[in-house]
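Two complexes, one shared chain (chain A), two partners (chain B, chain C).
Presenting the complex of A and B:
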């Protein structure tokens, strides 16, 4: 799609170098396809040692003794450390924030101290000349455990008889919040129809192609810690490593090269990564830790794990009067540092029913501890739960009233002309387009045709169903997300841009590249705004020594916040260039512009190339009159002000076939219409949506961390933990509505999480639509064939 | 996930491989490595030496001899899928192998490896049992033949002695007028099946004279179901009777993919599909 007129704010789009809004091929793709990407595991440093962690085989146990003697004697082993050693250089932390009410999470040590609280928790670390040797010696570390009762089930967490995981806290409650707007009790009484449902969502995880990896290199001569880390927020890591290792923050350098996917998994502080940095400090040499796939499954943060009860009240005309939810979530034994493990539930409370006009809204969230892998924010935090409960209830209410599901939505959606307004939970909303999106979706899906297809299939004994859902997505967060609560997480991002002697333009940005195309997007914005060819622009990112300060990549904020900083910096640089050119060319600034790497005269006549201009400035400054402010570098920052988040919205639908003999669900087609404001590169937006939908398919149908009754993760490998693969991906048809964000010149909102947030609800509703003739429904994700057959009473 | 240290030995020929294997109880044959290498990386075993039989050319041949289709142990799944003779004699093998993992794995994974490994959820062992394949084993004392029906002893347990190598599998081409069936139910394409069935029916004047069923993914080895076959010779297919009879035939064992109930249910569904397709 080459629609150049979609962002009138950015001026005439038919000029040269109008890259914003075009699907410009990305340079970096070639590099990755040729296998030339540079990942943390590619880093080789002189004297580098390798780490292997000895991890708890128990969900809950007392450590009676640790004997490292035999491991230390193993040939090739350099040392073995336990918490007694690590504690001397790395202080513990606590995963609590100050802005969301009381959070109760105890101090967490980088290695287990006295007690282990999940299977996979690191207890000791072996340092050796090779990873294989370190693994050999790990088997020689003797740890004597005394098994303790494990608290696994979130539903029994608060029972009197349940084992309390942290004695000091008195019970297993981490956090709770209630939202109450209007009077739901009264509204339910006045409702014509009240529908209820309870949904549950299994734990799953992010499964990044590249596992977590870190190389730490302590230089005692400079007192400098250089850390190669495949994370999403280099400046956050810089601050945290400095704080807990008691280093000067300016002397901690975080370098993130290529990152093979992150999805929120790599934005948290992990004990094994902090220990890796501590070991480098203790041993005064570079050390590497790369999580293997087994470690990924048992130590990368898990997500979801919710059970949610929902209730909707509707009048006889189909208007929603009340909406109520009660959500329970289990987060493992600790709230994760520094973002905490309250945010997913908080989002469920904020986002449920957020697309609709709901006069009375009540929501309760309870978050409890468990002896399982810690749980925290993963792509589309809370969204899949909020969307699934909302849309399940909306379908139920429409069906109970005998109303068309599409019509029911249309009368309850927040109208496009009513912004600014608020979600039912009270969060400000602006610049959304639910009506435009669902209307476009209805046409794309051709709903009347689908109804016909459904009927004809049913006559042949085939069960097809389809869905239409609406959602909002949280993107471009302001300081209200984390900073206000005390976390060292920047909501601002910066960009610096310079014209070099060669005529090349170089940007450095605080946004990181996780494979999603940050570089391409920043290049496009800069080239567009400066008036240079795309190949002229180079990008540096992911290095705290070389980039401006900023938040990094998470919460769908890179293009909207980091991109705006690049836009502003580019405009400043252009202004500087034109001012200098005006002097050189003896012309009015107004008569000049930059196009295709040349400063041109608007009225014709000879121009000057940016290269010539730069060389005059850099090499022959004496040719310029004294006092010319010849700065060929500009820097700008941006953060969202005046609103907690920039919301976006989407409408999605899917068509499924449910095989009632085998219980297998096949997604025949998936449609999405999303509104992320200005699309800088439509192809990248569409691939974000598609990739997101695929991860949503994973949550809806396949992915689950399965624990046994002892708290052992039983499917921590890629054969037994199922992620959707090419065969499981349907055609995903994507279209757009464009409502620019009024919070920036660029007008871009985020697009990274909508698919993951919306697909699970869309799929569940479509399956339940297919099951209507059989008078049953499914309510538990992943919707496995076995659950479908159970719902059908076949097994 | 780094395997413990091991030695690697590339065998020059069969005799060489057998010699090494005989001299070292902890030596292990390396075929395509698709099952073996992951178990090493997960540190589930620690062999002293891997004997790579990948450069023994005589193990890579597909031949037709004395009314047998003979598959050398080192023929890859892909090689077999692309072989004209196989596709003529046993077109069903192509359909079956297309469900074994994915192309990259099929390029490395071998016929002998799959038969020798004996994963109870694997397709080929069940097929070998169904068509009465003969499995050729070579050891220090020469060659012997074991019928596929006698070959599988228990979970990952086979008739191969520790000093033997599986060299080929012989499939009788004349299947006595049997029509063959294959189907399986997987969560994702290419996964090991929650339950799978290979079956055969011989008919005379549209009357079923002989029925064979071998299930995979259902128990500790390829599972035959004689009582169900007998039932089907006398009665029309009926889901609940078949499910009950199957439970008499097979001790359905739950695994991470599905419960024993699910496996029994799917097995009965698969029998229904077979009766519909072959009748």
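Presenting the complex of A and C:
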């Protein structure tokens, strides 16, 4: 069939059913507003028992004994398990992958075995008829600990005198990598100006409003394990649960219903979740575990925790000659399974300076163990560190040369006409638009007006500053991300689409929904490509028994990879429909099209509704000539080939007011111009950017997991751990440049990471711009009022 | 610990009578409502910080995790499932139109706060709306779409005219 003839042009909004590119409201959103969303904690099963975990109060201690007798006697308690019971049905794991050089992480058991290594590590589990009863009885589990020295500070992790967390490893090093392109030493010598800075990024976490939750239901008659899990990657969990519980993978079913926020937090394998599945198998009944908020803070993966030294060399014309970084990160006592805790640092090395032409680049990353909550991938993995160090140095170099920061960037950005090319670290780049984005941003921000506003404010004793930054964003990863390293994580996604007897269209997709609008996006693509009204289309997702195999939703891959699979499946189905219609209507296929749920004749004349066509196929097949291919279902899959990731790019800026008496920063305005290629639903793209920016603001100004010198997490609750609230947040102005990805027909890239990746650098640079007249700077995130006042010498 | 006090209470929930319910004195209203099947009440923190569990008690927005079920004895409770006045239907339409929710976990609490804003029957600036919803966490949207939806609702409901 002639593709050009039959398939509608993308983005042509003037034809019937052209949904791609329109801000169609999310059809299922109303359900969430009626209280009819179905989250894991809403699930009730017959005979379901409830779990409560007994967790380590120490950062590092030997377990001398565990006595569960009193807890077992507590009325309502069904059983209490320790590692001795659990390891009979659940094998341990190791958070290492094979494709990024040597990773040294020890075996991790589902419950602590002999030694606890972070405060919050699960040690025992109480099973009871009610959650409250399980919690009561948890207090009766007696554990005798012998306290060990805790290794908390990443900067002293490799000192000879520091306690080694895993004796077998000999030291506290998990992973290290270096990148060396060109000759930075020589280039720094030739530089007119060399600037340096060291930045700190505190540990923070994702704070999904719905905590982690899992219901496991072992059916011993069928040997089938059904798991309701609020995760992001059902097929990954299917494979991992089957492997570690020694089950037949085909008999493990993962159902992810509505998920109350994920942000990367819910894509990892957690010991307490694996134990929950193990308990269901041991007790042959459904069991539920829902983390409470205190457990979330001490056991959800933490992120960031970096100290990075950066150095830039530029010539007298303002061209960057050399860029060097040295990054140190602390990841807790284990590398997290199965994605590992090396990826954030790896991305810092890949992404630093990635928007600019840099002939000489050197980067070193060191990742060490600590007795703190395990650290792993959270939204915008590595991006905030890479962007902040790059943009801080770019501002410093421009200021040292006395050049306008915008002009300095323009002469160093990778030009829009130079793709394909590579990052300074050597990663392939294509289809980007830094110049177009920054030019659009400059107009939106009106930089000359901002300079004037800054000067006028300063005259009144007000310290205002603004920033303008560039970044790339990793989206749509290929097999190079995890699969190549040995993890059971699909880079491919699938879609199956069928026309039903009613004329309705049903999609099954391996992409899951956590609120981004997956369902709406898939409906739009299918309706657009098939030529049907959008309310004709329904979507099933988040069920390994009911959807094609695939990776799920993370690394901003849903629209670009899963959406392409829906597009391809829709085109196949349409081809089938037209071929059947050609037989029924006795017409040439090329004379037919589908519009508004009808097969029409392009030259006029009577058409046939999809409902009538479907009913002939399903109910009155005898009316079709023998041998007619009457399949009203089509399946397709898609994976990125040829490059590691599909990069997007953005330019962002913000205007801040720094109160030099209180140290408080107020963000007056925030602007973002992003290029995610084809926007399937511009409203949803903008909301990804805005929500992302606000999470980035959280990291920049408020969020930190604060530990004391004993390794106690001191602010692990929602009152003491600050996140952005409505009153402090600015309106965020978003605009777009569109450079389609050449890797797919759809041309869509991701949009979920950009805001979180870019905002911390944009805010830090704006604050430091405001502080220039006071001859000081801030270099540590979160940039709290205390740190600002310290920088000002006031405290 | 094993001899937990129980008390018999009655209340009206979403205009229906619930009589002679035997509850543990220590159970908070949020857990109590969820146990009764009102799953639209979401528990985000159980310490009164996040606002996801807000319900109306005699028409006032209350953190259901900070109120014991026994304290609600004799009261009139509205959960998100019962938030269906004509004004609130307009509010929900405005939330959909503005995409003022992503994951939906904060939405029931956010709607309770919006109910109070609408009930006050006056217009507010965006800054005032931001202040009024600042007792509700939302981790997905960045809040702007929610401010848009509340503003839109106040215009559509024609408050203060």
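In the analysis below, the second predicted complex is superposed on the first by the 783 of 795 C-alpha atoms of A that agree within 3 Å, B and C clash if a C-alpha of one lies under 4 Å from a C-alpha of the other, contacts with A are read in each partner's own complex, and residues count from 1 in each chain.
Throughout what follows, a residue touches a chain if its C-beta (ideal position, glycine included) is under 8 Å from a C-beta of that chain, and two chains touch if they have at least 3 such contacts.
Since the model is a prediction, treat every value here as computed from it, not as a measurement.
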So in the superposed three-chain picture, is A:136 touching just chain B, just chain C, both, or none of them (first/second/both/neither)?
both
Thinking of the overlay built on chain A, is A:702 touched by chain B (first), by chain C (second), by both, or by neither?
first
Output check: A:662 vs chain B and chain C. Expected answer is one of first, second, both, neither. What do you get?
first
Thinking of the overlay built on chain A, is A:263 touched by chain B (first), by chain C (second), by both, or by neither?
second
Would you mind checking which one, chain B or chain C, touches more residues on chain A?
C
Applying the touch criterion given at the start, work out whether A:462 contacts chain B, chain C, both or neither, answering first, second, both or neither.
neither
Which partner does A:42 contact after superposing on A: first (chain B), second (chain C), both, neither?
second
On the A-aligned overlay, A:293 touches which partner chain: chain B = first, chain C = second, or both, or neither?
both
Touching partner for A:727 - first (chain B), second (chain C), both, neither:
both
Applying the touch criterion given at the start, work out whether A:99 contacts chain B, chain C, both or neither, answering first, second, both or neither.
neither
Quick check on my understanding: which residues of chain A belong to both its chain B contact set and its chain C contact set?
132, 136, 292-293, 717, 719, 724-725, 727-728
Can you tell me which positions in chain C touch chain A when the two form their complex?
1-2, 24, 26-27, 34, 38-50, 52, 79-81, 92, 95-97, 99, 101-108, 111, 126-127, 129-131, 133-134, 136-147
Give the list of chain A residues in touch with chain B in this complex.
130-132, 135-136, 139, 292-294, 661-662, 664, 702, 706, 714-715, 717, 719-720, 722, 724-725, 727-728, 784-786, 789, 794-795
Report the residues of chain A in contact with chain C in the complex, numbered from low to high.
25-26, 29-39, 41-42, 74-75, 132, 136, 206-211, 258-263, 292-293, 514-517, 683-684, 687, 690-695, 717-719, 723-729, 731-732, 755
Would you pull the chain B residues touching chain A in the complex into a rising list?
1-5, 42-43, 185, 187-192, 194, 256-259, 261-262, 265-266, 269, 272
